[in-house]
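In what follows, chain A forms one complex with chain B and a second complex with chain C.
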Partner chain A sequence: MISNFGNTILFISAFLSSFIIYISFKNLKEDKTVLKKNIYQLCLLQSTLIILSFFILISAFITSDFSLITVYQNSHTLKPLLYKISGAWGNHEGSLLLWLIILTVFSFLFLVYNNNHPKNYRLYTLITQNFLILGFLFFLIFNSNPFSLVSPIPKEGLGLNPILQDPALAIHPPLLYIGFVGSSIYFSAAISSMLSNYQGKLFAQSIKNWVLISWSFQTIGILAGSIWAYYELGWGGFWFWDPVENASLLPWFAMTALFHSLKVLEKRNLFYFWVIILCIITFILSVTGTFLVRSGILNSVHTFANDPSRGLYILLFLSLLIFGSIFILFKKFQLNDYRINPNSKETFILVNNWFMIFYLITVLLGTIYPIFTEVLTNHKVSVGPPFYNIVIIPIVVIFLFLMSIGPNVKWIKNKFENYNLLIKILLASVLINFSIVFLFKSYSLISNFIIISSIFLIISTTLDFYKCIKKKKFNFPRLTSHLAFGFMVFFIGINHNFSFEKDFNLRLGDKEKIENYTVEFKNLNLEEFKNYKAIIGKFIIENYDKKLNLTLSPEIRIYENPNTLTYEASIRSGLLKDYYITMSNIDRSEYYNVKFQKKPFMMWIWISVIFISIGGFIRLFENEKKNY
Partner chain B sequence: MKKKIIKTSITLFFLFITLVFFIGLNKNSVYDTTNLVGEKLTHINLNHFSKNLKITEQDLKKNNFNLINFWSSWCGPCRDEHPFLLRLKDENNINLLGVNFKDKKNNALKFLREFGNPYDLIAEDKFGKNSVNLGIYGIPESILINKDLIIIKKFIGPITEEDFKYIVTAINK
Partner chain C sequence: MKIIIIIFYFFLSFNNLNAESTVIDSGKIFKNLRCLICQGQSVADSNSDFAQTIKLVVRDQIKEGKTEKEIYRFLVEKYGEWIVYKPPLNKGNSILWLLPYLIFLIGGIMIFILLKKRPNG
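Now for the complex of A and B:
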């Protein structure tokens, strides 16, 4: 029943998309300057239907309707309600439906919110977007149908992978999808802008809020994934340069470059084609990321169950996107001779873009290099964190300095006046850096540079804040994001240098001394929960100097559906540092392997990232108030 | 003219990338190292764990059967399989070659002191490179080979009771 219902809705939606395309083409040829009213209604109906089909899927998950393969493979009657619901998008088929929701809802909202822009531009955007929607609908219906039946109907489901049963991961996909599926709308707008010759400032205004929305959500989406990795994967790291993580970072770089360049297009009417290229790249990278992750072409620690036929379809779709947009771009491209002053805001924003593109290429290369070497030379290589750290970190230093100076540079022509101030800030940064070295202990040369440059950015942005308040001319969004970015790099630097970790084996009742800490294995309990059993250890961590006495309880969880063991870290997060402990059993031995870590300022890394995205939201709010 | 060249080369570049992706898709099974059964191991060249020696095919050809076991002191499941390896040591027909994977020498020695040393020969693979060449993608893994260096079976993950029985019957046939 539910399957037929869902499938019917999907088919109607596919039909609707084709109809919207048809009616938009017809409307294009008409002389009227306004859009036909029924286009709005059709679009509204389209997004309502897709959302409805998603709710049908969710209700199938809630009622544990195992006649659907997707539900059978990813759910279980004993699962808590929250994870039954999040299970709906915790798998390939359901998450594609989420893709479609964002494609259609954004399509509708873009149409509604841009009614002061020309008809043809809006129609071409709608047409392009609906081609994307159709592409994904076909993929969903014929290859990854969430409403496929299984017969005979199983009594019980296989359950959701326990490491995915987690609140951070429940919200991670929707956030991230608003980010990178949201980029589809400015991809469509860019194609449409070329087709309808609607360029320049007004075009920039029509997409800038969409770029901001997707960027801000992408930022917290990445954060949610990172926090999840921090406490769930149990390694104490928060970024592993895993292909899946890289796939979410690549569009982020492109988006960041995009909304900086968009500013130039809006203010000075420059870089039009560069903006177009960035719009296209952002969405293409999003689809590429999906391809890499879903096709199984790359081995990653957390890929979805993979299937080459899926990969083939996404690859086909991807190549259509690439060659279609290249074709249009080549047809419309004009070389413009921009004479911009090397000492002007335009140049600085361009420099920001170079850095973003540099990071993008580095990460992209590291991610797909293994595929290339394997295909071309039959040689397996793996690109790990050392590559990214070596290539990216030194460049970040220069980037941070430019990021401190750039925002204060004037449009068109600038004159530096405050050399003295800059030198003072630099001196202060160096001083703070060495007092950190002195207070804690020494660290590597490159870390010094990272800390100095991030403090430089923090101080100069703080001074800007102060100036802003004095002049009553506010630019809070930019200041917030930049300041937060400076803090993020700073805290990551400190965290990287002053974390310590120690591995040891303990029996019940044993004590281990590490530096000033003693870790005592006090107790061990077996407890039963609704959908798992847990062996819970009780560890007392003491530090006499600091009068610290805390209890941490790492767990080993035994899930039955599917039958898996997970190791849950126990973390005591504090303002200054996190204590992090994991334990794992050693078979046929009374010893437990214990990993104890102290990680300073973890909380502040998360907070910084939240503030980076808050900057985006404030800007959005401001634009909205200025009435776009 | 110049414009045309640029356009063609950009198009070709993307064509090349899609092509590589396409081939990569079909090549995927290569990662599945269980397919290696029946193939012959060649180019074995490992560093000896404690002496300045190389371990090559010749060292493996001496024995009727060899079990190449990839392990490390930091690997939890390696502790699980260790008792089985110790029991295999008592079998006559088989030699055990342990490849110490991305490990610190002191930790490895401590591990062997604590749990016992089942290996007839130990090689080190500090950077994991040689192991990857042997088709390993995670440890513990073990490869059972015969005198002619043909792979009889691959064990991904720790050796279990069942695997142990399998090995014992295989080598005593």
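Now for the complex of A and C:
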């Protein structure tokens, strides 16, 4: 029943998309300057239907309707309700439906919110977007259908991978999808802008809020994934340069470059084609990321169950996107005569883009390089954290300095007056860094550079904040994001250098001394929960100098559906530092392997990232206020 | 004067850097090794038997007085480049290590040309 219902809706949606394309083409040829009324209605209907089909899938998950393969493979009757629901998008098929929701809802909203822009531009955007929607609908219906049946109907489902049963991971995909699937709309707008010759400032204005929305959500989405990795994987880190993490970071770099350049297009009517290229790159990277994650071509922690036929389809779709956009770009490309003063905001934004593209290419290369060596030379190579750290970090140092100076540079032509102030800020940064080193612990040369440059950014942005308030000329969005970025790098630097990690083997009742801490293995309990059993350890951490006495309880969970062991970290988060402990059993022995970690300022890294994205939301809010 | 102070304190900040470099940090080595039987986990993060074995091997080698480089080289010979997270800089991997900087350089040159081309104004 549910299957037929869901499938029918998907087919109607596919038909609707084709119809919208057809009717838009017809509308293009008409002389009228306004859009046909029924186009709005069709688009509204289209997004409503897709959302409806998503709710149908969710209801199948809630009622544990195992006649659907997707539900059977990813759910279980004993699972808590929240994870039954989030299970709907915690798998390949359901998450593609989420893709489609974003594609169609953004398509409709873009159409509605841009009614002051020309008809042809809006229609071409709609047509392009509907080609994307059709592509994904075909993929969904014929290759990854969430409403496929299984027969005979199983009595019980296989269950959701336990490490995905987590609140942060329940909201992670929707946030991230608003981010990178949201980029589809300015991809379509960019193609449309070239086709309808609607260029320049007005084009920039029509897409800038959409870029901001996707960027802000992408930032928060990456954060949610990162927090999840921190407490769920039990390794104590928050970024592993894993291919899947990289896949979410790549569009982020492109978006960041894009909305900086967009500012130049809006204010000075420059860089039009560069903006177009960035729009296209952002979406293409999003699809590439999906391809890398879903095809299983890469070895990663969070690759879903994979299937080569999926990869082939996405690859085909991806090549069509790339060749299509390159073709249009070549046909329309003109070399414009730019007159840019080397000392101007325009130049600094170009430089920002230059660095962003560098990060982008480095991360992209590191991610796909292993595939190439394996295919071409049958030689397996791992590209991991050391590579990214060595290649990227030195460049970040320069980047942070430029990021401090850039925002105060004037449009068109600038004159530096305050060299003295910069030297004072540099002096302060070096002194603060020195006091950290002197009072606490020395660290490597490159860490010194990172800390100094991030403090430099923090001080200069704080001064800007102060100036802004004095002059009553606010630019809070930019200041918030830049300041938060400075703090993020600073806290990551401190966290990296002041974390400690010790692992050792303990028996019940044993004590271990590490620096000023003692870790005592006090107790071990077996408890039964609704959908798992847990072996819960009780550890007492003491530090006599600091009068610290806390109890941490890491767990080993035994899930039966599917049959998995997970190791749950026990974390005591604080303003200054987190204490983090995990334990794992050692086969054929009464010893447990215990990993004890101290991680300073973890919470501040999360808070900084939240503020980076808050900057984006404030700008969005301001833009909206200006329009009314 | 200020610049001198900056340089002075900067050098002070890392003058004792080389003090500890003779002790090899086994934790750092574990972080740079891939657990071959896991999905994207390092030896440091993994609980698998394989990871435990590698940890033993590395600790033994440190005791034998081998340097970090020698340990990596030993493991690469035994398990292939797949085991190290930092691909060795050799002829095969030169694209990986050099291309980012090459792109960075080209980007810089492009911006330079763009700014240079400007007719006087």
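One rule holds in what follows: the second predicted complex is superposed on the first by the 627 of 628 C-alpha atoms of A that agree within 3 Å, B and C clash if a C-alpha of one lies under 4 Å from a C-alpha of the other, contacts with A are read in each partner's own complex, and residues count from 1 in each chain.
Quick note on the criterion: a contact is a pair of C-beta atoms (placed from the backbone, for glycine too) under 8 Å apart; a residue touches a chain by one contact, two chains touch by 3 or more.
Computed from a predicted structure; not experimentally measured.
Once the two complexes are overlaid through chain A, chain B and chain C clash, as defined at the top of the document. Shared-chain residue A:F15: touches no atom of chain B or chain C.
When the shared chain is aligned, chain B comes close enough to touch A:I322, but chain C does not. Which of chain B and chain C touches more residues of chain A: that partner is C.
In the superposition on chain A, A:F330 makes contact with chain B only, while chain C stays out of contact range. After overlaying the two complexes on the shared chain, residue contacts for A:D242 are found with chain C alone; chain B is out of touch. In the superposition on chain A, contact is made by A:N593 with both chain B and chain C.
By the touch criterion defined above, A:I371 reaches chain B but does not reach chain C. By the touch criterion defined above, A:F529 lies against neither chain B nor chain C after alignment on the C-alpha atoms of chain A. In the superposed pair of complexes, A:S584 makes contact with chain B and with chain C alike. Once the complexes are superposed on chain A, the part of chain B occupying the same space as chain C corresponds, among 4-12, 22-30, 112-120 or 130-138, to 130-138.
Common to the chain B-facing and chain C-facing surfaces of chain A are residues 299, 380, 382, 584, 586-587, 593. Considering their complex, residues 291, 295-297, 299, 306, 308, 311-312, 315, 318-319, 322-323, 326, 330, 371-372, 374-376, 380, 382, 503, 584, 586-589, 593 of chain A touch chain B.
Of all the residues in chain B, the ones that touch chain A in their complex are 7, 10-11, 14, 18, 20-28, 30-31, 74, 76, 79-80, 83, 132, 137. Chain A meets chain C in the complex at residues 233-237, 240, 242-243, 299-301, 303, 338-342, 347, 350-351, 354, 357-358, 361-362, 365-366, 369, 373, 377, 379-387, 390-391, 395, 423-424, 426-427, 430-431, 433-434, 437-438, 442-445, 448, 452, 501, 567, 584, 586-587, 593. Across the complex, chain C meets chain A through its residues 2-3, 5-6, 9-10, 12-14, 16-17, 27, 31-32, 34, 39-42, 44-45, 47, 49, 52, 80-87, 92-93, 95-97, 99-101, 103-104, 107-108, 111, 114-115, 117-119, 121.
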